[in-house]
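Same chain, two partners: chain A is paired with chain B first, then with chain C.
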Partner chain A sequence: MTEILQQIINGIAIGGVYVLIALGLTIVFGILGIAHFAHGSVSMFGGYLTFFLVAQQGYPLILAILVALVVGMVLGVLIELLAYRPVRNANHINAFIVALGLTMMVEGINLQFFGAEQVVIPTDAGRVFSIGGVTLPELRLYVILAAAALILAMTIFVEKTKTGQAIRAVAENRDAAILMGINVQMIPLIVFAISTALGVAAGVMVGSLFAIAPGVGEGLVVKGFAVLILGGLGSIPGAVVGGIVLGVTEALAAGFISSAYKDVIAFVVMIAVLLLRPQGLMGRA
Partner chain B sequence: MPRKQIFLLIALAAFIALPQLISVKYYLHLSILALIWVIMAQGQNLIQGYTGYVSIVQAGFMGIGAYSTALMGSHFGLPVTLTIILAPLVTAVFALATGYPSLRVKGHCFAIVTLAFNMVIFIVLLNFTALTNGEAGITGIPKPGYGRGAWIDFHDRQVYYYFVLIVAVAMTALAALIVRSRIGQILLAIRQNEDLVASVGVASWKYKLFAFVVSAMFAGLAGALYAHYQSFINPEIFSVAQSLDAILAVIIGGSGTLTGPVIGAFIVVFLPEYLRFADSFRLILYGLILVLATIFMPRGIVGLARDIASRLGAR
Partner chain C sequence: MKIRALLGCSAATLMLVGGAHAAEKTLTIGVADALTGGAAVYGLPQANSVEMAADEINAAGGIAVGDDTYMLDVIVYDDKANPTEATNAVRKLIDRDGVRYILGFCCSGATGAVASFIEYEDAVMLVGNAAERSITTQGISNLVRTRPPADYTGAAAGAFVAKQGHKRIAVLGALETSFYASYVEAFEEEFKKSGGEVIAHEVFASKDRDMSPQLTKIREMQPDALLVVGYVEPAAFAYRQATELGMDVPRYGFTSGSEEQFLRVASSEQMEGVWDLRPTELTLQSTTDAGLAYHANYSERFGDAPSPSSPYAYDQAWALKHAIEAAGSVEDTEAVAAALRELEVFPEAVMQYLPVEGKMFDQNGQAYTANGAFQWQEGHWVFVEELPSDQEAYSRFLSTVN
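After this line comes the complex of A and B, so read on.
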């Protein structure tokens, strides 16, 4: 029983990372209809940058994360302006191909600047809490809390602020949003900045919990999309539920069945949900 | 004779003459790989170019074809020619099982679900070591034919080139037949407006599944030809990255055309070789070319050539 609880807690930490990735993907998808496949690699760029600043330049962790967030936001805005905007009115396949090209470019940039070695962001959160036989490393606790805070902030931003309302309006009906005087040229830039910031946060979490290496970003973005499909496209609660379901499934599968096949089991769950509920767990029919 | 047929004959003659014109053995090797990729790209084009569904599992199916031909040969002692024919059928069974759930979603979601399937296939190839020998892969896969020194010796690269050329031409012809048939017309209609197709009482899911399975069979066949050519396979070459190459071949060449995938296949095989000078910048450059090509040449090389031709013709 404690073993199950232990794996569930591990799963929630991983699930939190997935939720952040999925939220970044879902707002981009909602506004621009783009499957922003390069998101994982951009997130890893943020993780690498944080590692570089902490381990090689001696920045304090918080400062390094802040710098990485800002750089990531600029990168996200540039990606929208230079790569996605020119294909906005073309066939949606084209945007996807651009996303694939961007993935290669960002992976290449990561490789060029940070090398092929696997890196772990050093943190001094080394304590381990123990509650009734279930252990909770300090770092995992911080990751869960930070993810929860970011999810909450994002929800409040989208639901309550004027900009958030404008974003939802563009997602719902672009033409009507233009008529209402919303600056539709500006909205995608804001969306990409937010999306990339969430991604960088997830990248830092992956980098400190596990490790960053070439290819990790692509795996992560696929998990992010799996969360979207699992939870229902365009739904923030769906992304949260989907992410935690995926993370916990994976942790349980790794703990009780086979760690080599944990991804396979996670995808099987996604496909099973697709067969039974094509609109996702929280999606509207 | 109409211009189209003249063009076709010239292209065919060029492919037949190619091995005689190439002096560097390595280029002949790349040409064989490119012809195998023509089969991959024609399959990808059926689902991506004509039906409008971007599938990202083609390399996984290539892997299933490659492993099934190798394993059927070594476990059941079947002749190579037979296993090459059976490999696409085995692939078709897997494609049916994956296509049915994948095709329940559309657009980007479909792409992602198929990508997940590619990852599943890759992970299984890597970890099911009892069958696949894991990362080390399978070595010593025999060539077709009657061994070294026979009157047709498939160890000779030129012979294998012509063997693959015949198959690639046949598969391109098959793709042409499918595209021009009633089924092909329905696939095109699905790409343009799936709801309309359904509204006139056509069960579009059957046609989509057909396109998906046939495209997988193309990939399975390509995988089998690859396995017997290289005599060695491991999971690495059947990963998502190679599925992306299949998509690129179709897009860069010209999606929804029959010539496009042929041009695209040669580009995805040869371009990375020519970019070797860029060394570690290669991946960045390759991605940049892809982004620029999609922005400025969205209908591929064939589309660009057609635009130029029609402009010249109008003068």
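After this line comes the complex of A and C, so read on.
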């Protein structure tokens, strides 16, 4: 029993990272219909930037994260303005190609600015809490709490604020939103700013829990899209449930079946869910 | 002004006269190694050390062949530890750059791919850190390797761990990589001789950074000790996560990572007490003057301490210099390859090689060092003791393996 609980705790921490990545993807896809493949690379940019500020510039970690989040939001706005907006009314394939090109570009920028070496964001969170044989490292606890706080903030923002209502209105019916006086030029900018900030947060978590290196972002975005499909395209609760399910499934698969097949098993579970619920766990039929 | 011009003319005349007697030529050598990706922790220091050795050889007067003196020029290509990339890099070195001597080779998969065709080339291949046994069991006459095979070290490690009184050990590692698997196989064989049992074989891939599911499973099995085999970075995460899961058992490993490499991932407290059971390699507490000089020069030049395994490549360059001088030719690669097998251990060598029949490389082209037990103590790898290593017996065994 202890082992199962421990594996679930292990899975929730990594699931929290998946949730943040998937939330960033799901709001962009749900509202703008763009498969934003560069999200993983942008997320790694945030992690690299945080590492640079902490390890090389001596910033306190919290300040470095805040700076990275702000830079991430600006980067998100620029990506929307310069890359996606020009092809917004063109065929979907154009946005698809732009997304692929952007992925390579951001990967190249990361490589150029931060080098090819793996980096780990240094933290002081080295304590380990133990309850009834189940251990929870301080860093993983912070990751879980931060992910939960961001999910809550995101939900409140989308459900309770006027801007959130405007975003939902554009997602529901763009033409009706225009008739209601919503500034539909501004909404994509806000969406990309939020999406990229969530990605940066995920990048910081990956960088402190594990490591940031070239190629890590690509793997992360694949997992993010898997969560998106598992949870239901465009569904915020779906991204949350899907991320946790994927993280916990991976941990249980690695612990009880074989670590060599943890990715395979996680994707088999995803396919099985889609066979039973083609719209995903929380998607609309 | 007139005096200065006269001096200039005299110097130029002297240079021309000197040049008429002995020509200074350039010998281009190649390096194929992992400069990026997960294996760069081994490959990049190797490539650096070849460049440093080349500069030192040049500064010491180059390679003397008859009346000619050859200065070394180094071309370095990134093989990313990938067999296809390594094949392309070596083909480019041989076919386009006209290189006859290729050094580096940190990793077994990429090295094996090149070894499969190198015997048909007019070239000599000097392998460094790649530890897969089969590289020197194929009777390739134009290939030598400075690092001993993984199973040579694994057997010594198994005997050492058994001596510590452990009976149930769990293995976590890159067991899908053949040379790590062969280390564990040899380890297990020796460990079982003392009544020990390996109770778990958990796997991680070289890109994995989250080993907590495997460690959780191992923790439930309550082993006496943990053995971690793999590249530095995943191994460092395994050590870190083992402490995060509250595992309080002795941790042994086979990684050859430097202190700096481990400290990028885990804190010194998390590493405290970890053992690394590996070839003695670059060990400051027990190294020679050549080793101390290597460490100081490398640190000064690259701003980072050398990885323990990097001198395998440094020694390749010096071995090549001595072999070319012994062969008396840079063109005759067969003669140079034969001279390598006749070479005695030279004074510039950083690793402390154990000769076989008085030679640095045995008839298989394999060199041997002693194996050692190192322990992490207060932020440093401390050499604790030498592990039993019979290079003569292993060399005879290697000759029987096809």
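Simple rule for what comes next: the second predicted complex is superposed on the first by the 285 of 285 C-alpha atoms of A that agree within 3 Å, B and C clash if a C-alpha of one lies under 4 Å from a C-alpha of the other, contacts with A are read in each partner's own complex, and residues count from 1 in each chain.
In the analysis below, contacts are C-beta pairs under 8 Å (C-beta built on N, C-alpha and C of every residue); 3 or more make two chains touch, one makes a residue touch a chain.
All values reported here derive from a predicted model rather than from experimental measurement.
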First, second, both or neither for A:Gln185, with chain B first and chain C second: neither
Partner chain(s) touched by A:Ala260 [first = chain B, second = chain C, both, neither]: both
Which superposed partner A:Ala90 touches (first chain B, second chain C, both, neither): first
Contacts of A:Ala251 with chain B and chain C, given as first, second, both or neither: second
Touched partner set for A:Glu117, first chain B, second chain C, both or neither: second
Contacts of A:Ser130 with chain B and chain C, given as first, second, both or neither: second
First (chain B), second (chain C), both or neither touched by A:Met105: first
Contact residues of chain A, present in both the chain B and the chain C interface: 219, 260
Residue ranges of chain A in contact with chain B within the complex: 29, 33-35, 83, 86-87, 90-94, 96-98, 100-109, 111-112, 218-219, 222, 225-226, 228-229, 233, 260-261, 263-264, 267-268, 270-271, 274-275, 278
Residue ranges of chain C in contact with chain A within the complex: 35-38, 40, 176, 202-205, 207-214, 216-217, 219-220, 233, 237, 243-246, 264-265, 267, 269-270
Touching residues on chain B, where the partner in the complex is chain A: 48, 52, 54, 101, 104-105, 107-109, 111-113, 115-117, 119-120, 123-124, 126-127, 240, 244, 247-248, 251, 255, 280-291, 294-295, 298
Residues on chain A engaged by chain C in the complex (per definition of touch): 2-3, 6-7, 10-11, 14, 116-120, 126, 128, 130, 135, 137, 139-140, 209-211, 213-215, 219, 250-256, 258-260, 262
